[in-house]
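Presented sequentially are two complexes of subunit A, the first with subunit B as partner and the second with subunit C.
Then we have the complex of A and B:
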């Protein structure tokens, strides 16, 4: 699984959120003040103050009953537009699923089936949520049915919240039905031999900063690159002091399985610089190290080491195939090199120090290499049922759909249907498929001071002149102007990065498809960051929607 | 127009649509069963064999996908290709497999897609795996993928030829050929294939080279259909492959120390196919039609019909023979089918086992000597001697010379160094040992032997 476990810092996220919200509020206040100044002259401060006061009152004195009624109205309205017909789209998709997953046979792993369900749900439900939320209010304004509502004693903030709630409930219902259908479909179509892959493994990873390499001289260094474009894994050289090191924190006896062993799982990769024994895998050994006590206990303790079992999730397992699992017993023999000296060491008493367990990986074959990343070795706790991971991932999707409804409803408060759709769709695209690209660009800018191929204007220039991204631009004033402007465009992109929602937090497919439980806390996709992201947008969106609807001329069609 | 009411405008649109639909319907009338009749477009499609049916097996899902995507098929295909590249880079093989499936839904008749992605699975993905069983799994995936491509593109001989390459070269010539050839008969996934081969690629339980031969033969059959072309290689080379596969089969058996009648029969079949089928195939050349087995008289007669001189015809026959090394392979198949050479090769293989594994030096000495005697008999056969008395086998068959030298080196080592016996002045195949032209080869083989004490040769 190509995934890097990184910690998510809630406090830092909250501080960042407050700063962004504060800055946005100040800008809004300033713009509002200037507009009021132009329109009302000296009365502007009083008008702005009155609007803020009314807004505060409307936003804090909400009626659950009225919001519920508005949500019900929204649902009824959507149902009258035959929204539930979208369920037939899913039924057709699942029925046709095998067409996209040809040659299922018994060799097919579970992963593509799970990915297919999650991807289908995501890409069909997003447009539904988008269209519902973006077109509802503008259609009501156009048909003047909103007049009937605003003449009733309801706050406009309640209209906004009611709409958001209504759309969210409706899409939640669809999602729930579809998720059940998807689960049944997965259970039916995944080949019998791949069914064991439908599980929810609970991994304990070491933090990214606690994973490092030792070079061939035993000094801290970098993992070798064996020619892969993708630098996810670093490689260690066989029969040298080169090692990959993981330090797991918080290790205690609760991590032991029912047999009293510490179960570890790996996904190392082997690379051969010579053929060696073709009928045997490249071998490795784990070393349980306590530097303070000078202990280095190898595992396995005898023999030539373990053969690397690569890419175990990429196909159905053969009957005789070994699994990439290592069960380390609590009691191990003390060794000098690979020779036992007769005494025993205890995993927790002797090797774990302050809850930290240091594990080093060595390659046992001369001239061969083994590649590893920080998530390639983990402590595997007791597995959970597949449904647990699946529904957690569905919960993540649900949060994403809710966020789309929130943004769509907010956009529809100040824009007409087509424009609101375009804006929301743009945010979804920028927040998910394009997010990595945007982050990559900004990371290049931070690290190297420039982006390969330049910014927007430089890229345009290169496109028109058919110049590749490596060639230097001609040294003249035009180039300097282009680069100057591009720098400011990138500054704009940096601000946009804070405003555009990070939809990556919601996409938990990678876990469930690979047979892992969805983590609660991680800088990537995880439950807590996903919830916080939705809450983080809900509050400003309600405020923005409320003021927009307050100021909007409802008579305009 | 602006004065028209809404209903009137709609009526005008409807009439316009109806008028435009008439020629579309007329031109695009579908053909009747068998491709007959129909509108002009259907007839043109039939004439230039551009219809879906004329390519091969129709994939309804593919046609549906194209309709659903309207004009965005190209965009979707591009995105999928990019995704496939990324998945390959990140070694997510199962998802790569699914993405490749989606690509062929969009581009079912683009032969490069089939070839590129089949190659990707069989050669690139398999090479990434460490376990030889996993490598074989991905080689099979690529082969199965290409098989489906062939079914959808029946009139593309190159794809069938590529399939032959996968069965023959990938399974038979890679570093893991020993294991792959075994797996082709007994799949490592014994649970699924019950101790037999994967019947999706080897339903008749044949050797991989014989399956390759079938695929190459099928490629030749398609190539001979009217209006079909191939742009992979020169015609004599393209057509040659079934016969070379037969020789590869026989040769591979020898490499695996199988020297019985089956191997000799395989060589006999190789010789028959090479001389009686391939050698009797017409090849158009700038010097008119030639056949490799035509005598000068036959060439002269054909030259008179075509208006070419005999010398010109001989020149082109020779040039084409050189292109495919025709004479060498004819000689090789001819000599390999003889019982004497088979016996000599068997003696060398047995001698190595006695020397290296059984350590029975007396038996090894006698076995090597026996093998050299048998080889000498073959060399002395007048059929393989030129008019000046020189041996055609020794001058053309470098492998044979090398085998003889290796056997002499081990035999001499046993006699001199192990048993302490004198080496006789004359011994079978000594003409090779003393020939100065093989001095360099002899020295390098000796060095190799000293380094590994027989394990390397």
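Then we have the complex of A and C:
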């Protein structure tokens, strides 16, 4: 699994959120103030103040019964549009999957089945949520049914929340049914030999900053690059002092499994500079190190070391059905090959220091290399049932669908159905790939905010005038305008980066499909950041939706 | 009149604009009127004269271009006042996928009513509007009159103090019209205030205390129905059936002031006449406003 574990900083995220929301609120207030000034002249401040006061009371004094009624109405409305037919779509999808994923020889791994279920749920359910939430309210306004509702003592905020809740509940129900079907389907169609892959491994990774390399002289340095641009691993050289180092934190006896061993899993990669013993893999050893006590306990303690193939560990393991697992006993001999009653060390008493366990990787074959990255070695806690990881990933999907409902409903408060759909679609579907593009572009900014190598307009200019990239632009006003605009396009991108939801938190397929549990906390896909992201959108969306409904005539134009 | 005003409208104007803010229609022009507590107020006018627009402005569904509206002492956009208001829209804008029971239950919930109270109100209202046999059918299957009836029930769910009815009798059968009028009179008896728009002038004449006639967004006539429909310049005699020569004789006798009169009163025009005249005059002489009591264009001929 190529994936990088990074810590998620709740406080930092919160601060960033507050800043963005605060800035947005200030801008909205300013724009609102200007518009009011334009329309109402001297009475403007009073009007703005009254609107804010009313907004505050409307957003805080909500009736559960009214919201419930509106949510229920939303569900009934969606059902009257035959939304449940979408269940048949899933049944037929699963049936089709059955046909296409059957491979001869019964050695199909579990991964494609799991991915298939997760992907089809996502790509069917998100459009459903999108269309329902974007079209409901505008249809309601157009048919003027909403007139009858708003002439009752209903706050517009309750309409927004009721709608969001209704769509979320309905799509949740569909999701739950489909998720159950999917789980049953997976368990039935995954070939018997691949069943063990249906599990939820619980890895403990070391932090990114606690992973580093020692060079061939034993000095802190970088891993070697073996020439593959896309390789995220650093390599260490065999039979030198070169090592990859992981420092795991918070290690205690609760990490031991039932046999009293510390289970570790690895997925290293070998690189050969010469043929060597071609029928065997490249050998490596782990070292449990306590620098303070001067301990360096090798593992395995006997023989020439473990082998790793020229592929990453997982693929190698699949090939010969040997799991890339190391079970380290609590009691170890101090050095390789020392006889049993030689001096012993205890994993926790002697090696672990303040909960920190330092493990080093060495390559045992002269002139060969082994590559490792941060996540290539982890402590593996007791496995959880597959269903745990599966439903956590479904929960992530659920949050994503809820987020779509929230954004869709909000957009439909001030836009007509088609435009709202387009906007939400843009944010949701395109937001994900667009985001990496934006992040890429933003990396071109230097510290002073200048665009390195020219921005978009400059590039266009050079294309049209067939000017090469090295020659400087002419010193004139046109150049200055181009550069000025370019910087602002980038500023716009920066703002967009904050506004477009970060959907990477929600896609947990990679975990379940690879037989991992879904982490609670991580900068990538994880439960807590996903929940926080949804909450982070919920609050401004309700406010935005409320003011859009409040400040507009609910008359079809 | 000293009765307290339930609705105050001051210099109310409404311009409908298109998406780009360009003026489409001036639907109301500087309208001022008061509706007093406990009366039935009729809003009349030809199609497109701004009646519905006025009601929507009262309810805060539309925002005034100019002027002010106070309803039950609150500004029109205040949500709290809706607790005490019932509104029957021009066409019953209800949810077609709900049945009558669900509809009333839904609107009851919007008033934050507890379940028992909702059920009680629902049963009473369904009986009152005569939909007992159709309460489980979806509204999309309803006929126009049935939709009107459930719309009315919906408007009364909260036992409102102020009822706004936009063409309440449209689509109703004669029996339904009769029921509707009885119901409006009953509301008045209970001390409620009713504002209604209607084109059925006979109905308006039957139930309204005061009326206003709008023409092209402007107020042309306002006043008590009885005052508006009577003229001070003539006298009306009502006698038993007379033969032709008897009528001639009466003319003579009248000259001598000697006949026995069964009834002497001011003659009344019908509301229909008043309405048609107002519209005609407004068309001929735009911008004119008729003072209270002064009905437009009364002909001076006597009526016997």
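Please note the rule applied: the second predicted complex is superposed on the first by the 487 of 557 C-alpha atoms of A that agree within 3 Å, B and C clash if a C-alpha of one lies under 4 Å from a C-alpha of the other, contacts with A are read in each partner's own complex, and residues count from 1 in each chain.
FYI, a residue touches a chain if its C-beta (ideal position, glycine included) is under 8 Å from a C-beta of that chain, and two chains touch if they have at least 3 such contacts.
Quantities reported herein were computed from a predicted structural model and do not represent experimental measurements.
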Partner chain(s) touched by A:309 [first = subunit B, second = subunit C, both, neither]: first
Subunit B versus subunit C as contact partner of A:145, first or second or both or neither: second
First, second, both or neither for A:77, with subunit B first and subunit C second: second
Partner chain in contact with A:270 - subunit B first, subunit C second, else both or neither: first
Subunit B versus subunit C as contact partner of A:115, first or second or both or neither: first
Partner chain(s) touched by A:279 [first = subunit B, second = subunit C, both, neither]: first
Which partner, subunit B or subunit C, touches more subunit A residues: B
Which superposed partner A:69 touches (first subunit B, second subunit C, both, neither): second
Touch list for subunit C against partner subunit A, complex: 18-19, 56, 59-63, 79-80, 82-83, 85, 87, 89, 91-95, 97-98, 102, 106-107, 109-112, 154, 158
In the complex with subunit C, residue positions of subunit A that touch it: 58, 63, 65-66, 68-70, 72-73, 76-77, 79-80, 143-155, 553-555, 557
Subunit A residues within the subunit B interface of the complex: 2, 96, 99-103, 106-109, 111-112, 115-116, 193, 228-230, 232, 269-270, 272, 275, 278-279, 281-282, 307-311, 313-315, 318-321
Of all residues in subunit B, those that touch subunit A in their complex: 61, 89-95, 97-98, 101-102, 105, 128-134, 137, 141, 144, 175-176, 179, 188-192
